[in-house]
Amino acid sequence: MILVLKPLVTDAEIDSLQNYLTGRYSVQIHLSRGVDSVILGLVGDTAHVDIEAVAAQDIVERVTRVGEPYKKVNRKFHPDDTIVTVGGFPIGGKQFAVIAGPCSVETEPQITEVAERVKSAGAQFLRGGAYKPRTSPYSFQGLGAEGIDLLIKAREKTGLPIVSEIMSSDALHDFDDVDIIQVGARNMQNFSLLKLLGTFGKPVLLKRGLANTIEEWLMSAEYIMASGNENVILCERGIRTFETATRNTLDISAIPLVKKLSHLPVIVDPTHASGIPWLVEPLTMASIAAGADGIMIEVHNDPPRALSDGAQALTPDQFDAVSARMREVAPVFGRTI
Amino acid sequence: MILVLKPLVTDAEIDSLQNYLTGRYSVQIHLSRGVDSVILGLVGDTAHVDIEAVAAQDIVERVTRVGEPYKKVNRKFHPDDTIVTVGGFPIGGKQFAVIAGPCSVETEPQITEVAERVKSAGAQFLRGGAYKPRTSPYSFQGLGAEGIDLLIKAREKTGLPIVSEIMSSDALHDFDDVDIIQVGARNMQNFSLLKLLGTFGKPVLLKRGLANTIEEWLMSAEYIMASGNENVILCERGIRTFETATRNTLDISAIPLVKKLSHLPVIVDPTHASGIPWLVEPLTMASIAAGADGIMIEVHNDPPRALSDGAQALTPDQFDAVSARMREVAPVFGRTI
Amino acid sequence: MILVLKPLVTDAEIDSLQNYLTGRYSVQIHLSRGVDSVILGLVGDTAHVDIEAVAAQDIVERVTRVGEPYKKVNRKFHPDDTIVTVGGFPIGGKQFAVIAGPCSVETEPQITEVAERVKSAGAQFLRGGAYKPRTSPYSFQGLGAEGIDLLIKAREKTGLPIVSEIMSSDALHDFDDVDIIQVGARNMQNFSLLKLLGTFGKPVLLKRGLANTIEEWLMSAEYIMASGNENVILCERGIRTFETATRNTLDISAIPLVKKLSHLPVIVDPTHASGIPWLVEPLTMASIAAGADGIMIEVHNDPPRALSDGAQALTPDQFDAVSARMREVAPVFGRTI
Amino acid sequence: MILVLKPLVTDAEIDSLQNYLTGRYSVQIHLSRGVDSVILGLVGDTAHVDIEAVAAQDIVERVTRVGEPYKKVNRKFHPDDTIVTVGGFPIGGKQFAVIAGPCSVETEPQITEVAERVKSAGAQFLRGGAYKPRTSPYSFQGLGAEGIDLLIKAREKTGLPIVSEIMSSDALHDFDDVDIIQVGARNMQNFSLLKLLGTFGKPVLLKRGLANTIEEWLMSAEYIMASGNENVILCERGIRTFETATRNTLDISAIPLVKKLSHLPVIVDPTHASGIPWLVEPLTMASIAAGADGIMIEVHNDPPRALSDGAQALTPDQFDAVSARMREVAPVFGRTI
């Protein structure tokens, strides 16, 4: 961290600032004086330094962070890839993880049929929403705890570990028997929920927020890890931009960037990123090519009858085709499915 | 709502779609046939129609919403301005509401001193954060319930009603004696929390999300109202754009737009919108000129010692100056302070 | 400018970098060594330093600019406000400049009628497009040179100086008798055109690009000034964001920010910023309150018959009302109309 | 195109609007009346209809475009892929086009060395900037006509067709012997230049603007085609978003979307999209996987000595590695290099 001080500061002011800094943070200060400027370089545990507080000091003109503000998610301090293993299936290594299922769990036949179809197509995980974040209070809000029960039944039939989204800490214990707990884009900075999931211990699939930077996303993962849970899976799902031709804009560069900055696995959700079923295949291919560790795709047995997001779901037949193509392409990028 | 059907649809398919629509929603359908296209116009309670579900129907090519998707917040069905009165002070009418206070409640002397200073400058409400949403888990997270207690003490001394942010439904009862509960930008689409606050009954100050459209913002207000709470105050606090010169971009047009679309009061937070103390005055003036019903400004008695966001807070002296200017300008726009 | 060098650099490498820098730029270097880092501070004429070239040097880890990259537009080197006086009317001082007129010049009666109406409402300048940047090649492209002739006739009748947009250097001499040459948002970084207008000498009204930062906008003004033309007027006209309720998002904060960074006058175009006629009045009031030096408003005598942008133009009667309100409000902010 | 009329319109008003529409455009109107609304459906050559002019009509409440506003670039009217063949090398078919070279042409040895290296690595086209759009007037502006001469010499030595950017119509004839003329992102809506290149006849490589939608990009291609030039190559180069970790955000979805909407070839510029050399390889792979027709990569023989953009260029050795990888991956997606 580099602090440029305002012109004409006195030695007493500089001493006072140095005392302020070393009194609060575990840092060493490296002072350098120029003809008409003084620069302080902070070295040490700068991830704990509150950059806004430093910027608020009277004699500080400008602060620049040099190191990353996160530690536990940082690849620098954990060079090897983290592999999160769930129900015997690894996420984050050579194996390319495939998560599929409907937007919402609706009925037992629906979730079971989808589970069987996606399993036979090669998916290793079943996703399904029981608590649904909907823009309108008048839209279907999900089956809640009953939806979780139906997912568990589908797991019993197929053996697929299950992934479902939590919307509130109130419902935490509905997730006692869920394999991976998803935090949705709208809750990426629900810090209370992140801390709670940090102590709960189950693997967390953390979606990137609609308008959150990569750094903010990693800081949210840091919240979970700092609370004691190392099993975090990141999921890029498109960001909000001015373009309206797609529902969101898939930030494909985020995949190699996050893989470099962090040791955590990164998967992609092409369904929400685009909102257009026929874009799922090319975006899945692009994600594999860019180095993603897995993919999460919405599949519904009867999209026109879906209670939510039917317009963007693949049919099981369409998913079969994408899945077959994944198996051809993954090995070219050193992955197996 | 207008549905353009795909070319070459059959009469049976159209009948089936019409049955689907009238079976689920309270709408009348108005069908029109062109040379090579069929259009359905939906009239009635279209706010309850799930546009994505309609778009997922096989024969639908495109759906356009004509009416607004919200009802209770809609000015069409409630032409008069809503005035939320708290502790005797109205928000939403002729009176221009002034809310001021520190980012975080830190100590009793701090919050009391700030409360007394902002009161004497003309503020009618005291804000202060007890639960703080911070990007980093290593930053000060707020005093929690103790912070609320200190706010209550400051209210006892000054008579100012208090505003504080809730971050999680777990902490709801810490807010039993808070006058206005704030929902922050990061929780604008925390629908579980919105529903809970809808039933809790206390006035809610709903900040616009970083990257949420005006329509999504009003839909979140609809969540609160649909759960039974009519006392919603909207707060524009800047949106995230490509511009980095300011922390966010204040969407000044949102003020007159929301005033036209909705009957709810709209206030502005120029501190978070800009992140720059000397911009607070011109942005406050612009907000009054654009028709805002009030303003919320961060004030700290000792910004360099603030535990959060000190770099953007005004000192009490600076707030005095802004406040004096507000009193000159408000009457030109038909407001009193 | 501060350069953080990579770890483990040798003295010879540092010497070589210092020679590279002092050999190309008029800067002094201020070197400081820490335990495991070396920092170079560059002082002097850093506006001429190519930050990307410096970042490309092998041993440079990171470069941060401390000073602004512009000189001639910088208020630091020109503390007094620039006032551009055109046809006896000042832009940039106490006087609030009002520019009004149709999107496109269409016919002599049209432009003359509008000119007379906006003059009688208090406008000091007439705007009108002769060369029109249209998204579609099939839309009306403007009357070209004939449009300029009609503007000149309207000036003869009313005495109002005229403002019109240039789209290409080919047409430069059509603007020999135009009072203020407008550079549109889409040409803000048409650097060839900016240089040409720098030598041509006529006052230039430089609109901000749709997705350009304030710094880039000021750099484009620097192009014009560096080529010898000091008469530059900046015009904020809204930026492109995710919000679709308005055509663009008026960046109201840009007004006080640019006034602080630069001595050039700043005006606002609320018509293009919003695309909605009834928003023109509140946005004009907000612009005055935020410190703008003037306003540019589209007015058409018969909006439904307009050949371009009719949906967003005010009628002369509507403009009368806005104008009357401007006269009431401007004095409150120290301006006269 | 669908027009929803305002409530309570009279028959005479509707007749008048219909006459207005059929008098100006080659469209048939299909009127339908509901209980309290009237809808007009426009069929025919709606690409020529000015949607803003229609929206400006008094009785029109809302207009929605159903068809695309472009014709010549539209795949509907030209189902087969366009292949632009330059110097014997096709762009747009089975062959994956590789364009490489430095940001700026600097000296004869520099451009010749780069040309030879990229040719031996498998590139079929040489790029090099002679006229450079630089944010700062104080940065290197390119060699101009002399740069074009050096490119031509490099072509003579290597046989590689050359690509260079035009910044102004003034310099058109410097491009008489250039094989492909590039229009940069900042000039994507320089409509005068587009029209001129439409009549000039040489193949045009049209980059997407920083903040332009896919539809606007295709409309700019329509300008070139409508002026008579069918040889247009589209180039996605990243859009501007809130994310700052990369220079721009590569919109990977734009590739399959544009391939569906248009018959024109689409290539990708991963260098400008990311601004980070080590991201060029994964983004190139993702582009191939998403269906791109080619790639344009910046390569410099000595990046630290580059006169522009050195920090983002690959060295020839790095380009060799990316090129080798492209040859392995392209066949998996049905392409040859």
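Chains here go by letter, A, B, C and D, matching the order in which they are written, and residues are numbered from 1 within each.
Operating definition for what follows: contacts are C-beta pairs under 8 Å (C-beta built on N, C-alpha and C of every residue); 3 or more make two chains touch, one makes a residue touch a chain.
As the structure is a computational prediction, the values presented were derived from the model and not from experiment.
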item	value
Pair joined by the larger number of C-beta contacts - B-D, C-D	C-D
Reference subunit D; chain at largest CA-centroid distance	B
Subunit B-subunit C separation of Cα centroids, rounded to whole Å	32
Distance between the centres, which are taken as Cα means, of subunit D and subunit B, whole angstrom	40
Euclidean distance of C-alpha centroids - subunit C vs subunit D, Å	26
Touching two or more other chains - residue numbers and ranges from subunit C	211, 240-242, 244
Interfacial residue positions of subunit B with respect to subunit A in the complex	47-48, 50, 52-53, 55-58, 69-70, 131, 133-141, 167-171, 186-187, 189-193, 195, 210-211, 216, 219, 222-223, 226-227, 240, 303-304, 306-313
Complex contacts: residues of subunit C adjacent to subunit A	2, 4, 28, 30, 32, 34-37, 39, 41, 43, 61-62, 64, 66, 211, 240-242, 244
Residue numbers on subunit A that touch subunit D, as the complex places them	211, 213-215, 239, 241-246, 249-257, 260, 273-274, 278-279, 282-283, 285-291, 328-329, 332-333
